[in-house]
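Two complexes are shown next, each including chain A; its partner changes from chain B in the first to chain C in the second.
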Partner chain A sequence: MLLSYDRLGGLRFGLWAITIAICLFLLLPVLFIAALSFGSSQWLVFPPPAWTWRWYGELFADPRWLAAAWTSLKVGALVTICSVVLGLLASFALVRGKFPGRLWLKALFLTPMVLPVVVFAVALYALFLRIGLSGTLIGFVIAHTILAFPFAVISITNALETFDKSIEDAAILCGASPWLAKWKVTLPAIRLGLFSAALFSFLISWDEVVVAIFMASPTLQTLPVRIWGALRQDLTPVIAAASTILVVLTLILMAVAGLVRKVFAK
Partner chain B sequence: MVTATADIREPFRWTGMGYAVPALLLLAFFFVLPVLALLLRSITEPELGLQNYAELFATSTYARVLFNTFLVAGVVTLFSLLLGFPVAWLLAIMPQRWARIVFAVILLSMWTNLLARTYAWMVLLQRTGVINKMLMATGLVSEPLPLVNNLTGVTIGMVYIMLPFIILPLHATLRAIDPAILNAAALCGAGRWQIFRRVLVPLSAPGAAAGALMVFVMSLGYFVTPSLLGGTANMMLAGMIAQLIQSLLNWGLGGAAAFILLTVTLAIYALQLRYFSGAAGTAGGR
Partner chain C sequence: MTDSFLTISGFRKTFGSIVAVEDVSLNIPKGEFLTFLGPSGSGKSTTLYAVAGFDDPSAGDISIDGRSILATPPHKRNIGMVFQRYTLFPHLPVGENIAFPLRVRGHSAADIAKTVKAMLSLVRLEGFEDRLPAQLSGGQQQRVALARALAYDPPVLLMDEPLSALDKKLREEIQVEIRRIHQETGVTILYVTHDQEEALRLSDRIAVFNHGRIEQVGSGEDLYARPATRFVAGFIGDSNFLKVREVERRGSAASAILPDGTRIENIPAHAGNGHAATPELMVRPQSLKFVQGSGAGLAVKVKDVTFLGDTSSVLLETGWGQEIWLRGAGSAVKTNALSGPLHVEWNPADSHLFC
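== the complex of A and B ==
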């Protein structure tokens, strides 16, 4: 009866009240930032006295914000490629491989996901200072690839585990080389897994801030690092506009992902 | 999947290992090596020994940061669990079309950039912010409450971020419970409160424990939200590590603090894998 929606009785209203309150609590900040970014008040008075595009104008007029957004896009794209390629290769080893210590290898591959990011950030910062990768694009890409890699491994191994290897073997028996069989048969079959891996990898890099703070130099910053720096000075509505753009891009990607999944699943 | 043909074609003992080599090299050089080097510095700088660890626990400022970190992580876990349980419960039994909306809200907040969400709370909670204005308008308080730049602000912001991480595993556990067990308890004469306390809560305990451990361990290592909502006077462990290394260049002490965070985190994850595997963790602290 406590697990039957129709027989909850008065309790149902109590649970609904809490659920609605929590949903509002979860939605409030997201909607609030979007509203602030269009509000005319410099001091973030809410509700705003009037609506304006001014903060977006200031954002797009400032070359530092544009440079940061461009860096974020470049890093994200490179990370996506590296993480999917490495994740695909590693997944072949984990799913198809037969060697001692395979489970330990998998554990190692997933560790970047559970290790506190700040520990990884300062450790890599020390190494990069020594080998001169601090403040470089390659430095960003290496750091974010390591953080994105576990998510690529999870998505691709899941897809590869449900794929029947005998189909690939059949292609080989029919005369395809092992590489051609993988390229023409296996990869198309696990495309949904590859797509999820790419999406997660990009979003992790796009949203990542802790490692990026340590990797950044005054001349090379990602969008989250720029927001972080601005936040420590004041709470200008320009930050709300930049945040809204970050969120909107994420939402667009999620929506596209939903559509792609529907199309792929057919 | 390993088939007989694969064995005939490739009889080598290390079959398939080669594919893992690029990732292995990347992780070995840019992940394992730097983390180990950092931990080594904690016992070698400025000289060989455990004096960095002694200093962390003996200096009242650092000891206070450690205490605050565990306190906030504990309080955040407790509130997330108390607030998340009713939501997960209703989510597990509500009609599909409503559940889909609630899920969309949870996912939307999860996928909103962390900095953006924290920024929103900084504005909402400030002295002249919306929350304080509403509280004053309703006459509940006569002057603005200090909601930001203290541990209250950190706790509110963190509970907000952690709620999805407790609702989702708990929802999965609650969905898997067979309602017939509860009906059986009712037939045996148990009242609602008794069924809740002695059947529903114990049956959902594994999901709750898995979610709570995950939230606790993520909260311990969180950097962004505590740094922005707590201000400089209320540092937490991750913020302290960053400051020791980036501003004070004290690699020995920073390494020691990092090692403490690392050990506690990995120990709790090991515990979780050992006892609650199935509801695995997802993300380290940010």
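== the complex of A and C ==
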């Protein structure tokens, strides 16, 4: 290699500095919020004068926060199921199908990834108002499923493309009907892709805020929407506590995912 | 043939405008080991897949025991198959892979355990039940695939180049195993390969495929000694194809005059010259002998000698400038005797005229 790390000389320290700066930029806000959520100051003074669990106590005592968390979990779970099931069906069509316009269809499936999310949110809001889905759980699930679907399609088509169809054929010759062969052989073989699709789908719904703001009603809010709403009313450390919980749950999910992947890889 | 068990008649398969198989008919008696041999793209796999049921024929019929199987979907045909690629179910251990066809058929647990054991011992992999496919070598995976395909005692076993991904030594080892398993089980085997040595080693009969047709069906010896077409003569064993100036046919024999005027009588003559426009005389390098003394035979010059241990190969040039090979025992081809103009001859009955 012409541009080798060892030959960079003094420039290496420059690279190190940039790397550290980027890491700090990514980590500091999160750490900052976490620290504030344990700070005793009502006015979010930093560094906190003393440490306390008080804001977490207030958070868990407030039914509005609990309802928001429950909504988030419910929407996330339903979105995960819908997006994986639809993604699986779409992937079979895209990978195995031999119809004209296959690539166009794939491009269409991926548009929610690149479409400006505000545009998408406004359009969906207008539509849902008309058909009475705005402010409903179903509306939430449909909206987030559309956002999560492209990621499910990508994960599952990748898995399906690397899966040799001859293995499914072998199962069929062994006496399994085409459906049974898919259920007993193909799905278990691509389970890592299905798992990634589920994880992505849940996380996308879990921390999505723009579309959720449009979908929400005063009685139906997800956690990010509730944080956003609370922020505009008053600045309290309870928000920091809620944000910290959001981050911690995400981290736990990622850790579990890493573990599952390690076990699968064996 | 009355004893045909698996019958393919007038099978034709097209993919759009591509003709994969022109016209294939075969009668395969029960228990036979028949190999499809031919170059890549000649329609071997397409024919095999039609028997398996993955592709419907464009024309023709396939029957087992006198009953057409075309209306039966592949999972109900009860046919075993080993594929070119590794097709063990990656998430199941070896034992469960072999048990899979039995579980699908609803066999009892005791029966499954017994059969899995018997199959593992048939392919000499006792004690491998709990390994995952990824922990096996390529050769072991194909042996498990063979065990899985035989577990439900199918009347017909299909094998599509199952050894092509393995190295030569391992390939020969497993060929011996396949031969033994065929003898022990008596299953009817259709085997696909493009490797003539493999075909000769394994098969009772070989069907030579070319451009979507069968050029000839016969035992290895038949194909080698009595090739029906120029393609078979060139595909099985080594061969020289001499140019011919004139042919006089008399029934199944003919006389040929070579470009330098040499006249050869009583050569078996065949019509199958494929695409070549001019007649050709085929003679194996082993059939050629140097003539002691002078006069008779075909005048040649020696261009090169290659020592090959047991034998030597000699590159010769004929009077009209064509290069041909002679192969003989090392002692019969003494290098010091190979100078100046020489003559070679052969038994005309061992050569073939394709016109």
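Before moving on, here are some points about what is shown:
Note that in this section the second predicted complex is superposed on the first by the 264 of 266 C-alpha atoms of A that agree within 3 Å, B and C clash if a C-alpha of one lies under 4 Å from a C-alpha of the other, contacts with A are read in each partner's own complex, and residues count from 1 in each chain.
In this section, contacts are C-beta pairs under 8 Å (C-beta built on N, C-alpha and C of every residue); 3 or more make two chains touch, one makes a residue touch a chain.
Everything numeric in this text was worked out from a predicted model, so none of it was measured.
Once the two complexes are laid over each other on the shared chain, residue contacts for A:Asp169 go to chain B and to chain C alike.
In the superposition on chain A, A:Thr19 makes contact with chain B only, not with chain C.
A simple residue count on chain A separates chain B from chain C, and the partner touching more is B. Once the two complexes are laid over each other on the shared chain, residue contacts for A:Ala216 go to neither chain B nor chain C. Contact with neither chain B nor chain C is seen for A:Leu78 once the two complexes are overlaid on the shared chain. Comparing the two complexes, residues 164, 166, 169 of chain A contact chain B in one case and chain C in the other. Residues of chain A that touch chain C in their complex: 164, 166-167, 169-178, 180-181, 184-185, 188-189, 191.
Only residues 1-5, 8, 11-12, 14-16, 18-19, 22-23, 25-30, 32-33, 36, 43-46, 86-87, 89-90, 92-100, 105, 108-109, 111-127, 142-143, 145-146, 149, 161, 164-166, 169, 203, 207-210, 213-214, 224, 227-228, 231, 235, 239-240, 243-244, 246-247, 250-251, 254 of chain A touch chain B when the two sit together in their complex.
On chain B, the positions that touch chain A within their shared complex are 1-3, 5-6, 13-20, 22-24, 26-27, 30-35, 37-38, 41, 83-84, 86-87, 89-95, 102, 105-109, 111-117, 119-124, 126, 128-130, 133, 160, 163-164, 174, 177, 179, 182-183, 186, 192, 195-196, 200, 220-221, 223-224, 228, 238, 241-242, 245-246, 251, 254, 258, 261-262, 265-266, 269, 281-286.
Contact residues on chain C toward chain A in their complex (touch as defined above): 52, 54, 73-81, 83-92, 100-101, 104-105, 145, 148-149, 152.
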